[in-house]
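Right after this note come the structures.
The following pair of complexes shares a single chain, chain A, combined with chain B in the former and chain C in the latter.
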Partner chain A sequence: MTQASPSITLQINGQPCTVAADATLLQAIRSAGLQVPTLCHLDGLTPVGACRLCLVDLEGHPKLEPACVTTAAEGMVVHTHTPELESYRRMAVELFFAEGNHVCAFCVANGACELQDVAVEVGMDHSRFPYQYPKRHVDASHALFGLDHHRCILCTRCVRMCDEIEGAHVWDVGYRGSACSIIAGLDQPWGEVEACTSCGKCVDACPTGALFRKQDATAEKQPHPERAQQLAEARTDRRWHNQ
Partner chain B sequence: MTTPQVQPPKLRFATVWLAGCSGCHMSFLDLDEWLFELAAAVEIVYSPVASDIKVFPEGVDLCLVEGAVANADNLALALQLRARSKLVVSFGDCAVSANVPGLRNLWAGVAGGSRQSVLERGYVELADRGAQHPHAPGIVPELLERVLPLHEVIAVDYFLPGCPPSAERIREFLEDLLRGERPQQQGAEQLRFG
Partner chain C sequence: MKAAISWRCCDATSCRAAGAAALRHSLVAQHGAERVKSVGCLRLCGQGPLAAADHEDGRVELFGGVAAERQLDPQHPFFTLQRSVVLERCGLVDPGCLEDALAQGAYAALAVCRQLAPKAVVEELERSGLRGRGGAGYPTGRKWQLVAAQPGSSKVVVCNADEGDPGAFMDRAVLEGDPHRLLEGMAIAAHAVGANEGYIYVRAEYPLAIERLRGAIAAAEARGLLAGFAMQLRIGAGAYVCGEETALLHSIEGGRGTPRPRPPYPAVSGLWGLPTLINNVETFAAVPAILRQGGAWYGAMGTATSKGTKVFALSGAITHTGLIEVEMGTSLRTIVETMGGGVPANPNGSLGVVKAVQTGGPSGGCVPAALLDTPVDYEGLQALGSIMGSGGMVVIDESLAMPELARYFMGFCVAESCGKCLPCRAGTVQLEQLLDRFVERRATGADLVQLEQLCGMVKATSLCGLGQSAPNPVLSTLRFFRAEYEAAIAGAGP
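Let's turn to the complex of A and B:
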């Protein structure tokens, strides 16, 4: 007989909500039928709190906290959509657009892009910050896939997917500040990294058009963000084990 | 005997085409029969697709601006339309973000800058024969060093993103404005880029 895990009760936007004691605030928010925008979060992968879109306000707490990496606690009073949070979220999304070279018009992911989605969600109709036009490059050295650094938002979903689900750890984050970028192997061309199994899971996990299949042209990318969770659960539940 | 009705003056409406592909104007033309309703509600005083007036007029109420600001002519017209219009709308992704025309800004930091780089590439490196830079002062407008979204040059009242914004998106936006209401501009149908 399984023992019921202890549960805690907290309040989210005035609504009482009971979750397992080890649940994150993001899980609690979703279990209450509420939403906060996310980009770096992907169910099935370890949360990292990189994109700052899921920041929430905790009453009596001096700073805003990312819901994805904060554990829910008994009696917490959480607000997900204060004017301050909404203003910060829109600013964060505008900065994502201004920081990279995100030209939706001819992107493989146009129409299936989570950056486009969150821009709509936060009501962004333009960026108040000047676009930076950083010099970046496209790595087309892999036989099947490409990495367009212009469209990368450094969410690290590919890094975690490859490390935690595929177990190959092809991807890492290299350099610092505005030069920060995703690197393959020891900062080699992707096609030269022998650890890569060419499984394509990183492409499935990428929220934008940064990682893509070479046969996909404009607006043809079909991402599969659900795969991380599917594979993680299948392994935990031993779904394909001697069936 | 009937009293002659005094019609309120029609809203003076303009559309402008700066550095863009004209796709936003094509989408505007995709409004099809709704254009008759628009024509009944407004007076089109300046537009590359609906008027033959060459000089941007005074006293414009509403102006849709397609395209980024990429050359000296774009800049002069942007300043002029702002001075002569009550409401200015960034119409489509190029006006909103510089979009595709802005891609030459990637060369802004290299030797010679983006203007020189794009001319060199287009007129010299890729020329089959007779490679030379265009030079026609007063006829071919000079490129600006950086391609700018409209709101970095003039104050913009509304932003209508999309590459292009769909005819439906344009119609809903204009219908709200013509009713004297602030456009709703919520959700993917109204706001999504690309």
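Let's turn to the complex of A and C:
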């Protein structure tokens, strides 16, 4: 029998919440039935704290901290939706939309897109920042899948999924700053990377329409973000969800 | 007049670029190779290449120019107001010669330290009040104490020599002029915290520093001076973000130079998960002097909270460009006007006027001329929305408009962002474009509102120090020179 891990109690938006001592703030927030938006986070993958959407305000703490990588502590007083946080989150979503080319009407992920969901959640109906209209390319070299860099938000879920779950490490991030892009192999066409097992886990992990199955047309993508967690649990806890 | 008994010729990067090889060649031809020595920075870089003539009676003459045609005044406040601690041997010692360094006291403090308990070394450091010279100013003794307290027998000491701020060349001067000093400081740190490995992370843009460090490490190892402490050099490709400690560690590990959220702090889990002490070049370089002369001696210099001396790279619109080491608490006015000689006269003969001093590079801010009496220390600069930073000090005259300066630094951050987190990757791009509108005088009132809001967002939400401080040059120029931004809206202005 496994021993129950020690628990701690903290306060989230005025509501007391008891979680395991090693829980992250994001786990605590979700266990309290509350939500903060995330885009780079995916249960089952190593958190990276890159999208900055899950930042929360900790009382007595000078800086905002990302809930996904911050460990919950006894007596913490957490606020997830202060006016300041809401304003920053909305600005962040506007920046996401302005930096890529996100035209929902022509996207495979329309209706099943996490960026779209977050935009709705934070009330973003338009971007105050001018669109950058970056000239990016579409990699259709793989037999089964495609990568549309215009829609990539650099959350690196695909990179971590392929590295940590599939163990192939086909994906990585190349270049720097606004020129950053997801690269396959040694910055080769995806279809030429022999390490790719064509498992499709990266496509399942992708929150937008950047990675897609070639058979999917507009609004037909069906992502499976839960697969990372299921496989991670199967390996670490020997527990399969479909049994 | 008696002829000089020996000559010292600066052989650092800036003097090399100004023709040091030709100067040295002519001095050797005149006086013989045995009387001409290559040394590190002689401070007044703007007059380079520099050579110093040492006379029997102790007199020193200083010359500048390829033919040593300009005699410079060693009694100028630029030299007399300096207080050399970190740079005490820079310009005196041949950086390529271990014997010379040993003759001038190198590794003496290390030998003494090794007889002391590590705890005693850390306590001496704490007594000195030394704070990190990389910019943040964290108490060095406390950092050493934290690493020393970590369990485990494998620990690492890392030197951050990834100097990359525009207008900063202090660390380069130490690396090129007195590399053994850094090795000694790191070896003392290793003894104090219980580390057995050391890494110097230096950028590839510093080829001369790399060459001198390589030579110094090999010479020190061959002589057994670093016994029990394996030192390695890691050459970075030259990304500003790699100066951020977690990104630097990723890069040493062979990964992509991107920062990660802290905690865990490197003191607890750093390079390959080992407890890691990271300090900047100047911090380590101050250590041998502190251990040799005592923490109390060092702590007696400077101000109540900022002890000791600081090296600054003085550049921009100033008469005397170069490297200075002064006591903390020296006023900006003393540095800029007395030591630096102020802004040079305009071509039309009218006197130049200091408009502001930019400190701290892309993470720092501007101090307006009206506040030049501010003492240079961590708190004094911070109160003005600037920072000490690693020690770049760029003097700005009336010819430069502040939105343009802010745009320059923002462009630097756009180019140097690693791209990992959204606010820094996409926010700085939008900030630069907003600043374009001010520079090109097509901004609106809404742009000013948006500029301030976005600065706040990028500062509050970015993952690492690069993004969090990227808006500082904008915010500080908005604070003291808001009228210039408002004039750009009106379409008028100076």
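The definition used in the following text is that the second predicted complex is superposed on the first by the 237 of 243 C-alpha atoms of A that agree within 3 Å, B and C clash if a C-alpha of one lies under 4 Å from a C-alpha of the other, contacts with A are read in each partner's own complex, and residues count from 1 in each chain.
The criterion applied here is as follows: a contact is a pair of C-beta atoms (placed from the backbone, for glycine too) under 8 Å apart; a residue touches a chain by one contact, two chains touch by 3 or more.
Note that the structure is a prediction, hence the values are computed from the model and not measured.
Trainee: Using the superposition on chain A, tell me whether chain B and chain C clash or fit.
Mentor: The answer is fit.
Trainee: Once the shared chain is lined up, is A:123 touching chain B (first), chain C (second), both, or neither of them?
Mentor: Only chain B; A:123 stays clear of chain C.
Trainee: Applying the touch criterion given at the start, work out whether A:96 contacts chain B, chain C, both or neither, answering first, second, both or neither.
Mentor: After superposition on chain A, A:96 lies in contact with chain C alone.
Trainee: Determine, under the contact definition given at the top, whether A:104 touches first (chain B), second (chain C), both, or neither.
Mentor: Once the two structures are laid over each other on A, A:104 reaches chain B alone.
Trainee: Contacts for A:177 in the overlay, against chain B (first) and chain C (second): which applies, first, second, both or neither?
Mentor: In the superposition, A:177 contacts chain C only.
Trainee: Pick one for A:135: touches chain B only (first), chain C only (second), both, or neither.
Mentor: So A:135 only meets chain B here.
Trainee: So if I put the vertex at the Cα centre of chain A, how wide is the angle out to the Cα centres of chain B and chain C? Nearest 10 degrees is fine.
Mentor: Nearest-10 rounding gives 100 degrees.
Trainee: Please give the nearest C-alpha separation between chain B and chain C in the three-chain superposition, to the whole Å.
Mentor: Superposition on chain A places chain B and chain C at a least C-alpha distance of 11 Å.
Trainee: Per the definitions at the top, what is the overlap between the chain A residues touching chain B and those touching chain C?
Mentor: 130
Trainee: If you look only at chain C, which of its residues touch chain A in the complex?
Mentor: Within the complex, chain C touches chain A at residues 239, 256, 260-261, 414-423, 425-430, 433, 450, 453-454, 457, 460-463.
Trainee: How about chain B: which of its residues touch chain A in the complex?
Mentor: My answer: residues 90, 93, 96-100, 102-103, 105-106, 108-109, 149, 151-152, 156, 158-161, 163, 185-188, 191-194.
Trainee: Applying the document's contact rule, which stretches of chain A touch chain C when the two form their complex?
Mentor: Chain A residues touching chain C: 48-52, 55, 63-64, 66, 69-70, 84, 87-88, 91-92, 95-96, 98-99, 128-130, 132, 153-154, 172-173, 175-180.
Trainee: Would you mind writing out the residues of chain A in touch with chain B in their complex?
Mentor: Against chain B, chain A makes touches at 97, 101, 103-107, 110-111, 113, 116-117, 119-120, 123-127, 130-131, 133, 135, 219.
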